[in-house]
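So, here come the structures, one by one.
Look for subunit A in each of the two complexes below; its partner is subunit B in the first and subunit C in the second.
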Partner chain A sequence: MPYTTRRRLVTSAVALALGTTALAACGTESGDGETASGPVSLTYWTWTPGMDKVVDLWNKGPGKKDRITVTVKKQASGDTLVTKILTAHKAGKAPDLVQAEYQALPTLVSNDALADISETVAGAKDRFADGVWQQTTLGTDAVYAVPQDIGPMMFYYREDLFEKYGLSVPTTWDEFAETARELKKAAPGKDLTTFSANDSGLFAGLAQQAGARWWTTSGDRWKVAINDAATRKVAKFWGGLVEEGAIDNQPMYTPSWNKALNTGKQIAWVSAVWAPGTLTTAAPDTRGKWAMAPLPQWSAGENRTGSWGGSSTAVTTDSEHREAAAKFATWLNTDRAALSALAKESGIYPAATNAQTSGAFLKPPAYFSNQADFYSKAAGIAGTTAPSAWGPNVNVAYTSFKDAFGAAAKNKSDFGAALDTMQADTVADMKKQGFEVAE
Partner chain B sequence: MNSTARRRSYGVKGAPYAFLLPATVLFALFFALPVGYALWLSFRKVKVSGLGLGSGARTEVWAGLENYTDALSDSELLDGALRVLGYGCVVVPVMLGLALLFALMLDSEKVRLTPFTRLAIFLPYAVPGVVAALLWGFLYLPDVSPFHFVLDRLGLPRPDLLDGGPLYLALSNIAVWGGTGFNMIVIYTSLRAIPAEVYEAARLDGATPLQIALRIKIPMVAPSLVLTFFFSIIATLQVYNEPTTLKPLTNSVSTTWSPLMKVYRDAFGDGDIHGAAAQAVIIACVTLLLSFGFLRAANRRQKQEAAR
Partner chain C sequence: MSSLAVPQAEPVAGSTPGTDRDRPPLRRRIALVPTVTLLLGALYCLLPVAWVVIAATKSGRELFSTFTFLPGTGFADNVRDLNAYRDGVYWQWMGNSALYAGLGALLSACVSAVSGYALAVYRFRGRETLFNVLLAGVLMPPVILAVPQYLLLAQADLTDSYLSVLLPQILSPYGVYLARIYAAAAVPADVVEAGRMDGAGEWRIFTRVALPMMVPGLVTVFLFQFVAIWNNFLLPYIMLSDDEKFPITLGLFTLLEQGANSPALYTLVITGAFLAVLPLVALFLVVQRFWSLDLLSGAVKS
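Let's look at the complex of A and B:
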């Protein structure tokens, strides 16, 4: 009897010891207890390809002098990373630096994952367009990130096929609709483009161009205006084109879509500055046959565009070295050497305005070798980006868009109703969470 | 002497517990604990105050049954369940029917190349579900599918398999293609276990091969059929890979097409881990009820038949 009891005790003690070690391991902070002046090592979660090479420049140059070493941990992009950051933050173990898309910043801030770094980065404000910088402040006095890249929207079209079918490049959305119809008449088997419901960012950018401001605050309340007049105009426009069959209704980024672009079945694409990269893989055979123009406007003489994509570098509240991290974020996105390395190694389009016309952007992208002024035109367009207004549950609005507009595009039914669904889902989610929402 | 004997007897008594310990610890750590945590999460929710910006704007509070009432009154979850029901009504009978047919054919004496055929039917099971869905997705897409190319050349109509009713067939086809082999092996194995005398007796009584199959083989492999049916129900209720993989290819599959897809969307798309936990608990309960309900019903029938 005594033997068994003791053995049982021993086993439980071992189990307990194991448990405590495991717990202790969980509790150990990866951050070191060094003082601010000592060497600092930071972790950086990013999905940008080639970032490790850019960070090497820091570690060998300014970082070495300040004794701040940054380690890159490559991550999945966009929403997946937001989820991962929030989960890590819940455990108090988020990395020091993270890459975040602009529309994800309010979500991250509302989960208290991002630190206010205004003191360290305030000097960098002048390097960016106001509309871009404003996205990192959420309209407050705080600054939650440093802008890295932007995605001003543009109109891409097959120059040769436009000529073949006698089409002219549309400067207004009315002309765009006319062009789609003319093409249908000239070549019934072809489409000008498609309305795709699988990337909400495209629709958000188009609404932004029309002047929509989806989330705004007044006092302590949020105002959600996803189904405002501007967005409704955009939704009805595209819904009308899909309904009359002037454009296709199938999603982008599918093998079918690649083939349609590559064989000239679809001859235009409303996209952003990063389109050359996508076209290179989607439509390799049509290299040199495309051209870029500003986005069509809602009224003649206007000059505005929306943005689709773009991201920033933020410092988390879990970081023990926020100042050092903010210093690195500023260097990465404003230093001349860093920006040209980012352009060369990662192929990003920089948010810093003076970098948009720097050495790396003198020559057009290889896919657009026929358009020598590609980047100077792009910089001009980037300057016309309309401000955007993101809220704390963009993710909910975006998934609601995919389902509601996917079904509407499939059934060629009322896009206005789909937009109302998107608004209702978004407001319902905010109310459920407890946000103060003004009606 | 006396004391060693006593000690040994205690040691023997303790042995089963010692053998059980690793499994129990693993079960507790990797099954009971996560399930318990999910249950705990499902009774809580996040409460935001004001604009919800800055620190301290979010607190986790007790929600009671709120997440459960929300989930049960959510039409999307119910619609998803109905879609999966329709999908299951195609998959389960077709898959098990084919599996039984193939097993009987392989078991009959006239078939040659049995090992090769068996492997060929089983092979799709070794292809991961996501890969299978990708392969089939390419074959379904009208613009890149070789089938559509051939149909087009022959001047035949080209059905869109990724829309409306055909979508259910398209999804079911992937599951049937992947699952038939496994179920066939289960049934075939139990067919091989039937003693040869039984067949001999049947033949002496003048039974034809068809009669042997229908009257002898199928009733004797009934337990395996019950088992495969049981597995198939669970797999159907948990369908996730195939619709998720096909989703980017078409407007017809929503992010909430199946209940599990909705759980994933709510947890990782919309960031509502608590609501998702409640839905997961509901799905687990329904799966348990349905599968064990079926098992009990099947057992009762077998007992009744045995008693007769």
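Let's look at the complex of A and C:
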């Protein structure tokens, strides 16, 4: 279903946001003016658990002073929410504020659903890492959202089992491959990790670390480079490991994956800062036995990571109180009290850099009680996040990834061919939607 | 709950349930192929239900680590957690589902009764055209209509309200179709004519004479529509944004999709799904007796 609706909604979108000038113009003219007068009531679609409690702080504090009341309407996360926002926007009924993943922003902007809030939020820029902020501007002068949480990628491993099998923590991907082979020799029944095609965000993050920029613009044309040299390198690396049987090829997030982690059949996981939460439910018996390290690098001495997940707070063009909404979005994601409540109630990892080392992050997550410096290490890694480049049909690329790489991983066949399929599908869809694509 | 579609043996022509004893007892003969087919069908339908029942008893720790069909020890805890989740919003969802499905199915049965009766009994210009349009409606999956219905209701400022979910589900083309077929079979023209001869008005004939004859058919319409609304996902998903108005399907979906940094609440979702099936089971058990009474009975026997 998301497929058909998206198609229908999106065909009406002409060329995107390169032409941000047009959007920016309509953003300033129809926005505010009357925000200061009279009480304002805003609605906010978010999937973050516990957000209602954080918003209460606003409604009782700064919101009360400014007479801006925010109401949380809890939603389910994911691509379906983007579809729902676009449907509501078509009827002119989108809420004032929405939570959106970074990779969904270009889709929303190209449908003219998000307002340019640069005037109100410009001051917040230096609270975030450049690579994070850049995702909310889409490389233009406009600002379409305020970053909320991020998912810098890291390497998680079973400390005890690494010791048992005499493995050292890999710092480069070559060492990673070596480690996988050594483990196979030491314990043939075990795998270092698995290559899973059921969450495209992981692969996108790995490609981002390698320096890939999947969607870029030049002039008024899009350039899609999903099968560029950097991504090809990543695909070949993982495809090689799967083919030689050095790592497993079963998908993540299945009961058998949980079991493999819980029983120590798989002893490492390339994941992101939110992994402790997932591991808590997936592998409850191994609490305290894991450790976190920076992602292996492509060449020794480098220091880069990708991101997997993360979201932002955006103001819609349907909002009649854009300035008030942008004010709230800024408070939510930069205010000290708001950020510590977000960390406590919702367990998010904040995008605001100074919050990453604030009081809420002095102690490691309970699952990682053995690694006291978990969050200071995480903050260091977050600072090395490579820039990302999202386009207007990330969902199509992701679906194509799941199909093509899912089959390639299962059959242990050529990952390069799968990558070409992903590129071709994405370009074809953009052309169909009416975007100008440079070959 | 699509077990309604289990293939059933054709009744012998002219037979009426309950009249078997007038006939000489048949030789007991079990036809092997149909029996096995039915058993396989039953297994296919019941296995997932069994899984839900058993999985609902497992604690989060047991869910993925113990044998699938080995009952766990966490049912009470799961129910307690579900109960505590956001101050018991689950029961609010349950209540909403009951309202949407109960009221919606009742209204739908009423509308179907009136329109089905009218289509069956009265001859008027355009009757067949109207009926054919309805038939086309039966073929159209309601999923296709959800977005247009949303845009329509948005113009009337009715989105994100109880009405926005109730209204589109009141008219059920399939219900009207079924009611017409049933009325044509169960309400003989002679009876309607007799009522007219006795000086009863059309409304009186409908409510006092025809409606009681149509009850088993309308119960079917009610049940179908109840289950359809109870299980409906897309329409409320698009219409509603306030999670206090969510039906259970949507509520459980929000429990599952919590964003990347909070794990899906599997145990709560499974327990919630299990509890959500119970009202449907209870409804079927209660209504069954109205339903299976006799679909073939009528007022005039020849």
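The working rule: the second predicted complex is superposed on the first by the 403 of 439 C-alpha atoms of A that agree within 3 Å, B and C clash if a C-alpha of one lies under 4 Å from a C-alpha of the other, contacts with A are read in each partner's own complex, and residues count from 1 in each chain.
As a convention for this text, a contact is a pair of C-beta atoms (placed from the backbone, for glycine too) under 8 Å apart; a residue touches a chain by one contact, two chains touch by 3 or more.
Bear in mind the structure is a predicted one, so any value in this text is a computation, not a measurement.
Visitor: Superpose on subunit A as described above, then tell me if subunit B and subunit C fit or clash.
Guide: clash
Visitor: Considering only touches as defined above, state whether A:Asp149 meets subunit B (first), subunit C (second), both or neither.
Guide: Touch status of A:Asp149: second partner only.
Visitor: Check whether A:Asp403 is in contact with subunit B, with subunit C, with both or with neither, and answer first, second, both or neither.
Guide: After superposition on chain A, A:Asp403 lies in contact with subunit B alone.
Visitor: Is A:Tyr165 touching anything from subunit B or subunit C once the two structures are fitted on A? First, second, both or neither.
Guide: After superposition on chain A, A:Tyr165 lies in contact with neither partner.
Visitor: Check the residue A:Pro251 against both partner chains and state whether it touches subunit B (first), subunit C (second), both, or neither.
Guide: first
Visitor: Applying the touch criterion given at the start, work out whether A:Trp298 contacts subunit B, subunit C, both or neither, answering first, second, both or neither.
Guide: Once the two structures are laid over each other on A, A:Trp298 reaches no partner at all.
Visitor: If you stack the two complexes on chain A, which partner ends up touching A:Thr317: first (subunit B), second (subunit C), both, or neither?
Guide: first
Visitor: Applying the document's definition of touch, where does A:Gly309 land relative to subunit B and subunit C: first, second, both, or neither?
Guide: A:Gly309 sits against subunit C, while subunit B stays out of touch.
Visitor: Would you sort A:Asn395 into first (subunit B), second (subunit C), both or neither based on which partner it touches?
Guide: first
Visitor: Is A:Leu138 in contact with subunit B, with subunit C, with both, or with neither (first, second, both, neither)?
Guide: A:Leu138 sits against subunit B, while subunit C stays out of touch.
Visitor: Both subunit B and subunit C contact which residues of subunit A?
Guide: In the superposed arrangement, which is not itself an observed complex, subunit A uses residues 1, 80, 255, 259 for both subunit B and subunit C.
Visitor: Help me check something: in the complex, which residues belonging to subunit A touch subunit C?
Guide: These residues of subunit A touch subunit C: 1, 5, 8, 43, 45, 47-49, 73-78, 80, 84, 87-88, 90-93, 95, 149, 151, 201, 255, 258-259, 262, 272-274, 277-278, 280-282, 284-285, 308-311, 346-349.
Visitor: In the complex, go through subunit C and note every residue touching subunit A.
Guide: 60-61, 63-65, 143, 147, 150-151, 154-155, 159, 234, 237-238, 241-243, 250, 253-254, 256-264, 266
Visitor: Taking the touch rule as given, give the residues of subunit A at its contact with subunit B in the complex, in rising order.
Guide: It is residues 1, 3-4, 7, 11, 15, 79-80, 83, 86, 106-107, 109-112, 138, 140, 197-198, 217, 220-222, 249-251, 253-256, 259-260, 265, 317, 392-393, 395-396, 399, 402-403, 406-407, 409-410, 429, 432-436 of subunit A that touch subunit B.
Visitor: Within their complex, state which residues of subunit B touch subunit A.
Guide: For this pair, the touching residues of subunit B are 7, 10-11, 13-14, 21, 25, 46-58, 70, 138, 141-144, 163, 248-252, 254-256, 265, 268-272.
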